[in-house]
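Below are structures written as structure tokens.
Two complexes, one shared chain (subunit A), two partners (subunit B, subunit C).
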Partner chain A sequence: MRSKNLLFVFVLITTLALPLGAVAQDDGERPLIGAWDTCADPANLSGEVKIGVAFAQSEAAAIYGVPQQQAVELAIAEINESGYLGEATLVAVTEDAGSTPETAISAFTNLVAEDVSAIIGPTLSNQAMAADPVAFGTERQESGDPLIPVVGVSNTRTGMETDFAASYGDGGAYFRRISLPESKVIPGTVEQVVDILGIETVGIMYSDNDQFTASAYEVFVSALEENGVEIVATETFATGDVDFTAQLTNIIAANPDAIVVSALAAEIVPLLEQARSQLGYTGPIIGGNGFNTPGIASEDRGAGTDANGVVVGGAWNVARQNEISTAFTAKYEEEYGTPADQFAVQAYTGTWVVATAIRCADSADPAAVLEALATTADFETPLGTFSFDEDGLPEHEPVAQIIKDGQYLLLTEESAAEVFGE
Partner chain B sequence: MGFVSDALASIGLNEFVITLMFVNAILAMSIYLTLYGGMFSLANAGFMAIGSYVSVILTQSHDWPFLPAILAGMVAAGLIAIPIGLPVLRLRDIYLAIATIGFVEITRIMILNLDKIIAEAYTRLHMESEPPKITNGPLGITGIPVETKLEYLVVTVIILSYFMIRMHRSRFGRALAAIRQDENVAASQGINVVYYKNAAFILGAMMAGLGGGFSGHLSRIIQPGSYGFGTAVDILAYSVLGGISSWYGPILGGLALTALPEVLRPLKEYTGLINGVVLLIFIAYLPGGLGDPALWRSVRKTVGRIINFINKGKTADAGA
Partner chain C sequence: MQASNPVLKLKSAAITALVMLGLALLAYELPDILDKKVLSPEQHLTTVIWVGSVYSLFALGYALVFSILGVLNLSHSAVFMWGGYIGVMSVIRYDVPIYYTLPLAMLGGGIIGVLVDLIAFAPLRRRNAPRISQLISSLGASAVLVNLAQLEFGTSPERFPRTTLKELPYEATVARPYTIGWLGAEFRITPLQVSIVVIAFALMFLLQYLVARTKTGKAMRVVAFNQKVAGLLSISVGGIFRLTFFLAGALAGAAGVLYALAYPSLTPFTGDEMALKGLTVIVLGGLGSIRGAVLGGLLVAAFEVYATAIGYSWLKDALPFVALFLILLFRPQGLLGEATVKRA
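After this line comes the complex of A and B, so read on.
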């Protein structure tokens, strides 16, 4: 008799709790991010909408891949709790993409077999070049299965869009990325630097035998010209060089307001030491992506305080946050106990961009998702206002940073005055 | 066939992984020849790189069909092995290993810088035309169509296995075995040690070049960074895990070592850990490797005993 009563109570509670739970889900707190008003609540979506997530969870690139994975999970939880996809639940199908092209291909092969609506990842650009075509390349096109959009959140290699278009035709358009390639970072950075530091003349040094640095040099030149900066000296060196004093002496003799350097991390450290300690140059040094390695400013292996006054562009800085970004970083730190980095913020943004495409398409069909994805414009994200430009490249305002005692500070008139002691 | 591939895919072995397993089996066989002759050479990652780049450049820039291109990559690796092998094979043991690692690094750095070297030569020689881009430096060659098919690999492994089986009983195989046991004794018996060692080295290089050609047309991108010390050690690990006391050991090692992390994928963050533990157990308890004939003999014996036991039980039952 007693057990029957208990059973009755149990059934009663569960039947009462079920609708309560459903109501609670709909009323979940609405996150700051999301195209809540631009796109109506999806009416056709129901059940599970699957997206593939493939980041490096093992080996060398896991230091980037683990925060990416965590940020994606956090975003998906927010999306489902707030009912962003209406009746449907967003489900992540996760695979470890490892740190080599082969492991990424295997991960993508498993993901496309799961009929996902889109894939986020992989961590490294060379993995993307190898694995992304699994979702939209020749074999996929010939098989007649639907092509699947792939959204990169940390691939910064230049020209991936054009490379994919050249190899896979229309399938190449299924590749999108959140992470800014150097061709997008430099112009925005130069504009801010010129404005804040009041630069009129520069000398440029670059290694002319490396494709990364040579292409960054060209981007620098056009960005400088656009901002009315005069280039008073240009010097080149080779990757692997250790002595830059001759070139630096020539540039310093031309007395520029700043020196622009396009080099890889290995050459940057001796170059900085020679410019600062040996030749006594104290002005700003504006760097390309190679300067985005915290190691160059470290005391024991890097240039230490000789790196002070280096200005470099990035996608995001903890010191320049909008309210979406502040909300995310607080939540992330509470959830995982470590501060969010640029990779986490980009992965979080990528997940919301994909979810928004699904919401606005009101469909889980990969082609419809891509169509909505491609029209992403003026979307407010932790990275700032995000759009894809007419070439399908990502666009948001990069952040100019200045190095001081090993820290990447936001470049402002105050921080610049602090570093240069004006 | 579809049923089998679905079953394999469900345990993590999708078509790509199976193809990669056979590519690695070929690479593992390539190092078997030198190890069989007692040469501890790690050069095969370098020959793999040569085979890979030569074949990819031929298919991508010169519109060669796939099969002639990978055969050309194989021949190129063999040709480069001749001047390398002659001086280097005078070294033994760990010294040979170090020298061959040097070769792997030189190959990698040459590929990395080839375009720069050519560009430099063009300026020195005052040539007007634009220097060609051949290896595309650190970015590598991308957008390579996937031409490597599982069928080609299975056929290749079967052909190579046939040669391996024949080799053991041939004059060549016996000479290599003698050299492995004692070079001086082998020489005193009239075996041309230099000739046989170089022949094994070159044949191994050609097999590595062939494996490289297949791998280059599998992963859509080739980069110099993929052919460094790590790859050299991987190839060695295949044949050590598989064991070098039989011709099929390296094949088993290459297949198993490639498959293991994929099968363990569902373990997520524990994959690497369990993978390492499994390898440790294998090395500790099966020093002869997966392909150790003694192991298989004992397996056969045990299985035989069990079958006997069951049969006995049956006859006893029948008797009763």
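After this line comes the complex of A and C, so read on.
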């Protein structure tokens, strides 16, 4: 009698649960992102498709690398749960790329030995310049092993595409990036800042021993000149410095309308505190991509209110989100307990772009993946509509932002007035 | 070890005065020669004094160990970094009141210093290993300490929480403008920066007093002069070594906390940045000289800041070394160091 009851309960539960499961499979778990209709479900993929993931998990750049890694893991989970690659499972082979070119090279060397279809990373531009050729450079070309596409999600140095093409010929085309180079972000930002804040003179500070900050400096200079802004002082420092009072003293004494800073995150907090709390500077501080992490304006661990009035161009802003972005940020915060930043959003987008290339190529072969990757166009992502232009450069609309009390607000006359009280 | 001979004392005072005078002249004339304008020189001078005081305090630990053992302790920079972390983390993790972080970091730094001696130096000393082995051994200790910090604290920059610093009295982190009327000089400084300078100099004077005027200091000087003689005078040589490492570690710990108070960007690699500066400071000032380390610290800071002040910020890290080279050409023993005389 008892066993009959148990059997009945079991049958009841299974019959009820089956359709529920089927519904979840069909609608509930299909993410908003993905070329679900443009490319048919892959028929030839099966087993494991491996992609390499190499971000800074240690040393200074880990401040960016950790959210990147988390976002990639979240994207891969979504891709596999939704069956985006058909029968195949996307598997991340992860290496810590550290924060130096040397550590990135050793991470890449390990990854290419794993026969991955593509590599996502590394975190810093100067790491990418050194490590990416491991996947497609001269040595690889001469060895006859297949070249592997590398997708940068936070490399923003200008001219990487042309540099790689000059050094490695066709191999250079294996480099793609999701992150807008400073050459695409800065001019737009400077134009808006000049327009909204009415700036005529600036002083510039930059770290001259880092490729990324030095190239951003050059883009700033040409963008400022184009907008008729006069540079009244230029100062340099080194990555890893913590005292900027001497440089700031010079710049502030030259009395510019704004200070332009090209620096990495670790230098930014002391620099902002010294400019504001110690030297009493209250004007706008226009920053490069290094300022694009909420940690900088954190009230406890960052520069807090000393970051108010920082203007920074970005690829993404929490105040200008589409529904894909909103869904991702909500999921990210739920999973990791911290809000997603631009670096996480770009890494998430990059993973989906790579997975889409694999899906559309219907192949895990690196050359086929690259071919599909290069034709990525009008792909809806959390960053907006994403394409590669005819030069292979990423394209989507950038956004100018201003920091107020830890928040990255869209830069408008109203938000600027709120910050500077004008 | 510090000269107690009045003639030497006079000489070192004269050198210090000459160096200062020379620098002042240079600072005054150079911008004209190079046709550069120095903007707010008084603000730059303020930076020199407070940054230099932290450099000096840090470099003293090198000088102290060198003067007693005749060997450089290259793990000093790692103890300094640990001092900073002990201070910052005791506030972040255990809500320790900020005033206790200095003694806590000094104690912690001292203990780490003694451990370094016990593990990296003492076994080599017992086997009469050459000094270069001890130097390399201390380099190894430094790498281990940096890696341990990386494991325990991660690599993102840490800082004393802003909220904690804001609770300090007199709004200690906010700069006040000051004017010295008769000079027409204007500069800004925070109460926190003033406290850092005061604490650094107080600790340096305390050390100078300990070495020059107390019985322990005398014993330290005897050990520095000759360990065998010290043994004959029934001075515990091992004890003096441990005390030296404790004091050097405590100074590093104090410098670490002051550094972390001054700069909101502490990482396990902070010590590496300071190591080179500290070594320049003591070689410039005179290896093993306490006063030399103080003078050297201010000089290195002056060169760095002045390079920036006259518009050559890209030369800032190179200038101290150029100065070091020039000074060593004329005084190979450093500014306040004593020439070594080898006797048969």
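Just so we're on the same page, the second predicted complex is superposed on the first by the 252 of 422 C-alpha atoms of A that agree within 3 Å, B and C clash if a C-alpha of one lies under 4 Å from a C-alpha of the other, contacts with A are read in each partner's own complex, and residues count from 1 in each chain.
Following the convention adopted for this analysis, a contact is a pair of C-beta atoms (placed from the backbone, for glycine too) under 8 Å apart; a residue touches a chain by one contact, two chains touch by 3 or more.
Model, not experiment: these values are computed from the prediction.
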| item | value |
| --- | --- |
| Contacts of A:D378 with subunit B and subunit C, given as first, second, both or neither | neither |
| First (subunit B), second (subunit C), both or neither touched by A:R301 | second |
| Which of subunit B and subunit C A:T138 touches, first, second, both or neither | first |
| First (subunit B), second (subunit C), both or neither touched by A:T109 | first |
| Which of subunit B and subunit C A:T236 touches, first, second, both or neither | second |
| Which of subunit B and subunit C A:D391 touches, first, second, both or neither | neither |
| Partner chain(s) touched by A:S58 [first = subunit B, second = subunit C, both, neither] | both |
| Touched partner set for A:Q247, first subunit B, second subunit C, both or neither | second |
| Which superposed partner A:D37 touches (first subunit B, second subunit C, both, neither) | neither |
| Those residues of subunit A which subunit B touches in one complex and subunit C touches in the other | 58-59, 238 |
| Of all residues in subunit A, those that touch subunit B in their complex | 57-59, 95-96, 100-103, 105-106, 109-110, 113, 126, 129-130, 133-134, 137-139, 157, 163-164, 166-168, 209-212, 238 |
| Contact set on subunit C toward subunit A in their complex | 39-40, 43-44, 47, 51, 150, 154-159, 161-163, 173-175, 177, 188-190, 193, 263-265, 267, 269-270, 273, 304-305, 308-309, 311, 313-314, 316-317 |
| Contact footprint of subunit C on subunit A as seen in their complex | 58-60, 62-63, 99, 208, 235-238, 240-243, 245-247, 249-250, 253-254, 265-267, 269-270, 273, 277-280, 295, 299-304 |
| Touch list for subunit B against partner subunit A, complex | 9, 12, 14-17, 20, 116, 119, 136-140, 142-143, 145-146, 219-221, 223, 225-226, 261-262, 265, 268-269, 271-272 |
